[in-house]
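Same chain, two partners: chain A is paired with chain B first, then with chain C.
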Partner chain A sequence: MNRLRAFLHHWHWTLPGLLLLALLLGLPALMALPLAFSDFDGLHPPRAVGLGNLAKAWNDPLFWTALGNSLTVAAWSVPLRLLLALGLALLLHRPRRGVGLLRAAALAPSLTPDIAWALLWLWILNPLYGPFAWLLGAFGIAPDIWLTDAVAARRVLALIGLWLLGELVVVLIAARKEIPAELYDLSAVEGASAFTVFRRLTLPMLLPVLLLLACRDAALSFQTSFTPALIITKGGPQFGTLLLPLYVYQNGFEYLRFGYAAALALAMFAVTLLMIAVQLFWLRRWTRLGG
Partner chain B sequence: MSASCLSRAALALLLPLSLAACGRGGSSGAETAAPAATGKATVVKLQVFGDTAELKSYRELIGAYEAAHPGEKVELLPVGKQADHMAKLSTAFAAGNPPDLFILNFRRFGQFAAKDVLLPLGPAMSASGQFKEEEFYAPAVEAFRYREQLMCLPQNVSSLVIYYNRALFKQYGVPEPQPGWTYFKDLIPAARLLTRDLDGDKRNDIHGVGLDPLLIRLAPFIWGMGGELVDDLQAPSTLTLDRGPALLGLNAVKLLISRYRVTPRLIEYQAENNDARFARGALGMLFQSRRYTATLRELEGQGKGLDWDVAPLPRLQQEVGVLHADAYCMARASRQPQAAQRFVAYALSEAGQSILAKSGRTVPSRKTVAHSPAFLDPTQKPAHAQVFLDAIPTLRRTPNVAVWHEIESKADVLLEEWFYEPPLPGESDLEGADTVLVARQIRDATRPLLAEDLAREQARKAPPPAAGGAP
Partner chain C sequence: MLELHDLGVALDGRPVLRGLTLSVAAGERVVIAGPSGSGKSTLLRAIAGLSPVQSGEIRLDGRPVQALPPGQRDVAMMFQSYALFPHLSVLENLCFGLRARGMARRDAEDRARAAAHTLDLTPLLARRPRELSGGERQRVALTRALLREPKALLLDEPLSSLDTQLRVRARAEILKAHAGSRAAMLLVTHDQSEAMALADRLGVLHEGRLLQLAPPRTVYAEPANLFVARFLGQPAMNTLEVQLALDGGLWWGDQQLSRRLSPAPAAAGRRLVLGLRPEHLSLPGSRWAQDDPQQATLQATVEQVEPLGEQQIVWLQAGGQRLAARAEPELRVGRGVSLPLRLALGRASWFDPDSGEALSPVRHAGPA
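Entry: the complex of A and B
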């Protein structure tokens, strides 16, 4: 009984959220798993095809293009977003006049519906009439190729994703506040420079949280890149921003290949796990070495 | 729960859609009793796509139907874009809860027809005398025939025409398009005269012509030069854009940008699409279908109107047009098949078709309405609406295969890149080495899809194995 009470004491705040996640995400994901091994068009009962869909993905050049694009966007956006969030958290963790407003500004893009900010970016990035083009024009730079060149368009998607850092900032502010003030006082007495304090105290203390956020962000980057890829670049130019979630969507909802789309989603899940495993391995090793 | 239901449940949870349909099974079952007997209104769900002007005309149509049929209701499920309309339809089917009726474009209809989820409306409504095929234009009817059955009933028989800005033509002294005008001798010179850099910044402010580099837009050029899109319209096994006459057609299009520079460049196209550019008055001519008329009339209503008209497609070697038709389709799983058919019968009647025709959105598929003032209203633009009717005998269409939409999606990405890229180094625009390259790329990228479709069809046609097996 005591154990149950202790369990509930620890978990009662998170349990409703976890249950909802399990019901709305975990359960459908599990139920979609068999679809990955079937030929299912949504109109007829599924027909088992074993590993046929995965074999098809293996031989599908567009799958590899989409995977490469997704990894490139994630490789740009995840570290940059963490870095930016960390910087903002360190700037905004102290209570000062107006800091609440700045924190709200940092959080706001994460609370805005995806479609709204994607449309806003579509206007901002308009190569002739958008403010970005106007700004560059003021410096004598001609409207360039950010949406007409595949490499540039991928970078644009990564940059757009940078603004979705509100939750990271909130978590990092909370984590920074947890670091005992005495440690900073001690560092001041020892005459440590600001950089040394950051490197020897703040960063190691925040590392577990950063590690967790990096894993979460890597997984999330595959999801959050869907809307801008659909609305802003539409997968183009030249399949340059055809990201995995968009390819899954096209196969499932445009071409009625739900079975194949589920297989692609499964592959995406596997890649996400792999990315997280690599990050964990690398960061743990770095921690052990005293980095 | 069956495997089918489990899968649907998974999709329904993912989407998230109702699971209620799973318990119901997929079939239509007995229709609700007639409204008069039960005292309850019969509700037919109709899913359509279109902009605000188009949706307004559907609402008018439904209002008129409900007024003429007390006790019957049609619930409109409007969707803004065709792609979203298709996504919503596919998820509704997957969840076992499709709308009773929906509009399908003929290029997407094969996707559903091949899956046998449509109730063939032609035979059903012909038998009850609600539909007489001969009263409708044949190209539109034929586009919705699948495996020799008329699956959906066409609401319109539109085609690609040239919208032109009359004010710009007058301002720059360019002769307006005349019947029988040609691509090389008339359209291109006109486009060159219309293309203007007004402020001397070495960027054109007015472009002569706008053409979206999509397969469906390029098809009349390919046919016009004597080429073909596919090797066999009924059972295509490959695209044939890489064959001589088709290449000539593609090259003819590319000249607009590579040699004459009368069409917006990629950066301009991305900044503002051709429809918006024309509506702004910065495009002399635009290749578009009838749907665009409703948009232009809506702009006129807002005081932003242009002085515009339509002209037939210019002739290349052959006079040919490309069909743009949509039809009412009914889900086999409809719970109100009779009421749904009554609505379709009304929508295709003279009264119903006149309502949509007046909105400007459609070229009526019913011949009498197409020739009536509802469509040829001399007080409404375009002044030469007859152009749409004159084009009907020349219309050709794309194949009705399940994978056609996917083929177009893949081809369009490659065509856009080809159209806006300069010719390959060392090649002139007339040699068209890049055109050969893209045609082959498209052929190779789409061949597996057609092979898959052919194999499916052949498996369907193959006789079932004899009982007892082979000796």
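Entry: the complex of A and C
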């Protein structure tokens, strides 16, 4: 009885949030699960096809392209975003005049709705009237291929994602403030250089948080890259920005292959779990070494 | 040799230290005691270079250092929290300063191992700080501070995070660790027994000013003013507002304490503050009675008795004032009993009631 009370005590604070999550995410996800093993198209009653959808995905070259694209974007944007966020956090953690404004600026892109964010970039990158083209023109560089070449478009997508680092900065500023000031005082008295202080004190103390953020960011990168890919490049050119969530979306809501789309989503879920598992393994190792 | 000359430090425009002059010889231990907020930590931080200095000079072996960054001053500091790196082993913590200054790992580790031996840290070298007890952490921090052989060793409340049992042992360890060192040691604390036990010379800091600096016995027996008198000693010194009559008699209210004092502490007719330590008040029958030629007697009522084991503190009421007396634990004292209390006036301290300064001539001047 007491254990139940303790359990309830801990959990009733998070209950509203959990309920909402269960209702809006958990339930649809559960309902999508049987879909993955059917040929539901929204018009005819679904028939069970067993593992047919998964086998189809295995033999679908576009599935592998989309998976590869998604992993490439994540492989670029996750470490770069983390590095950028770390740099910003170390610049902005100290209370100074105007630092609040800069912190707000770092957080702003993450608070902008995805669609607005993507439309904004569509305008910025427009080769005819976008400010980016104008800026390049000022240096005599012709605006050209950044959205018409498959590889370049993928890089643009990764770069757009780099700005969504507000939450990382907030968490890292908090983590940096948690490091006792006396450790920095001691380092100063002991004559440690700025680089030594970063390498021997700041970085190891932030490492567990950094790794945890990397896990979260990798999982989220599949989601956050969806809207720009849909709005800005629609998967093109030559499937260069066909990301896995976009492919799922197209199959479900454009081609009405709900069963196949559910199976692809299931595969995406498995890949995400695998990525988190690998990183958690490293997290455990590093924190055991580091903490 | 650490020398401070007319040091002034302000934090956020508020003066914290004013005109502080002090020198600590190589190998000497100076303890600065004061209540919280008196500027003790700021003093150490200013010497280490962690707080900016507004005026005055800091010299180490004759070299002015107040313009140098902390790392170039050749001082070591032991922080109240010990500031051990939680992610490094004891050995790595010990080596940190040497490695930061570019010493090769092997050489640094050899030196750390040798030093660790002094305070029995050898079995702990591979552990991390969180696996150590409070006393062990204190020893690691102390060893690390001395490892670089700094010219000055600054200790900020080094024992305050230890429990009472450990403190006495830790005091001895500080003495042991510093014994072979040429570092000028400056320790700040609010704990007076720690201050008395560790100091070659003891300074009392109050509101940024050094009120007295002398060997601990001298500071205890001849406090320079009422603040120092009340700050040192547990319970604090009893202070009575008294008057010297024109005929030389000493009066406390309408009670005459003494017909004549020799030598007289001040000119006849003056108001004075008489300071008497609890051990200078003796209860009838006490073997701890002070053998003093200038005994005075005062009728007092026992209000409360605190048996502390090795002694007892007897709180008495006399003339509307509370007095504390020290007695041996065996003495039977009943509450509410009225008894003649003897005051050892020959050992008393005398203060000016307005300025609080001790009155000269003090009983025995000259070097302590």
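Rule of thumb we're sticking to: the second predicted complex is superposed on the first by the 258 of 291 C-alpha atoms of A that agree within 3 Å, B and C clash if a C-alpha of one lies under 4 Å from a C-alpha of the other, contacts with A are read in each partner's own complex, and residues count from 1 in each chain.
Just so we're on the same page, a contact is a pair of C-beta atoms (placed from the backbone, for glycine too) under 8 Å apart; a residue touches a chain by one contact, two chains touch by 3 or more.
Nothing here was measured: the structure is a model prediction, and the numbers come from that model.
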| Overlay on chain A: chain C relative to chain B, clash or fit | fit
| message | With both complexes superposed on chain A, which partner does A:196 reach: first (chain B), second (chain C), both or neither? | response | second
| query | Taking the superposition as given, does A:13 touch the first partner, chain B, the second, chain C, both, or neither? | reply | neither
| What is the contact status of A:254 with respect to chain B (first) and chain C (second): first, second, both, or neither? | first
| query | Hey, is it chain B or chain C that touches more of chain A? | reply | B
| said: Let me test your reading of the model: by the given contact rule, A:139 touches which partner, first (chain B), second (chain C), both or neither? | reply: neither
| remark: Shortest Cα gap between chain B and chain C in the overlay, whole Å, is 44
| remark: chain A contact set shared between chain B and chain C covers none
| query | Which positions of chain A touch chain B when the two form their complex? | reply | 24, 27-28, 31-32, 34-35, 38, 40-46, 126-130, 143, 145, 147-148, 235-239, 249-250, 252-256, 258
| field | Touch list for chain B against partner chain A, complex | value | 2-4, 6-11, 13-14, 16, 83, 86-87, 90-91, 93-94, 111-112, 115-117, 266-268, 270-272, 403, 405-406, 409, 413, 416-417, 420
| query | Residues of chain C touching chain A in their complex? | reply | 45, 48-50, 69-73, 75-77, 79-81, 83, 85-88, 96-97, 100-101, 148
| field | Residue ranges of chain A in contact with chain C within the complex | value | 180, 182-183, 185-193, 196, 200-201, 204-205, 290-291
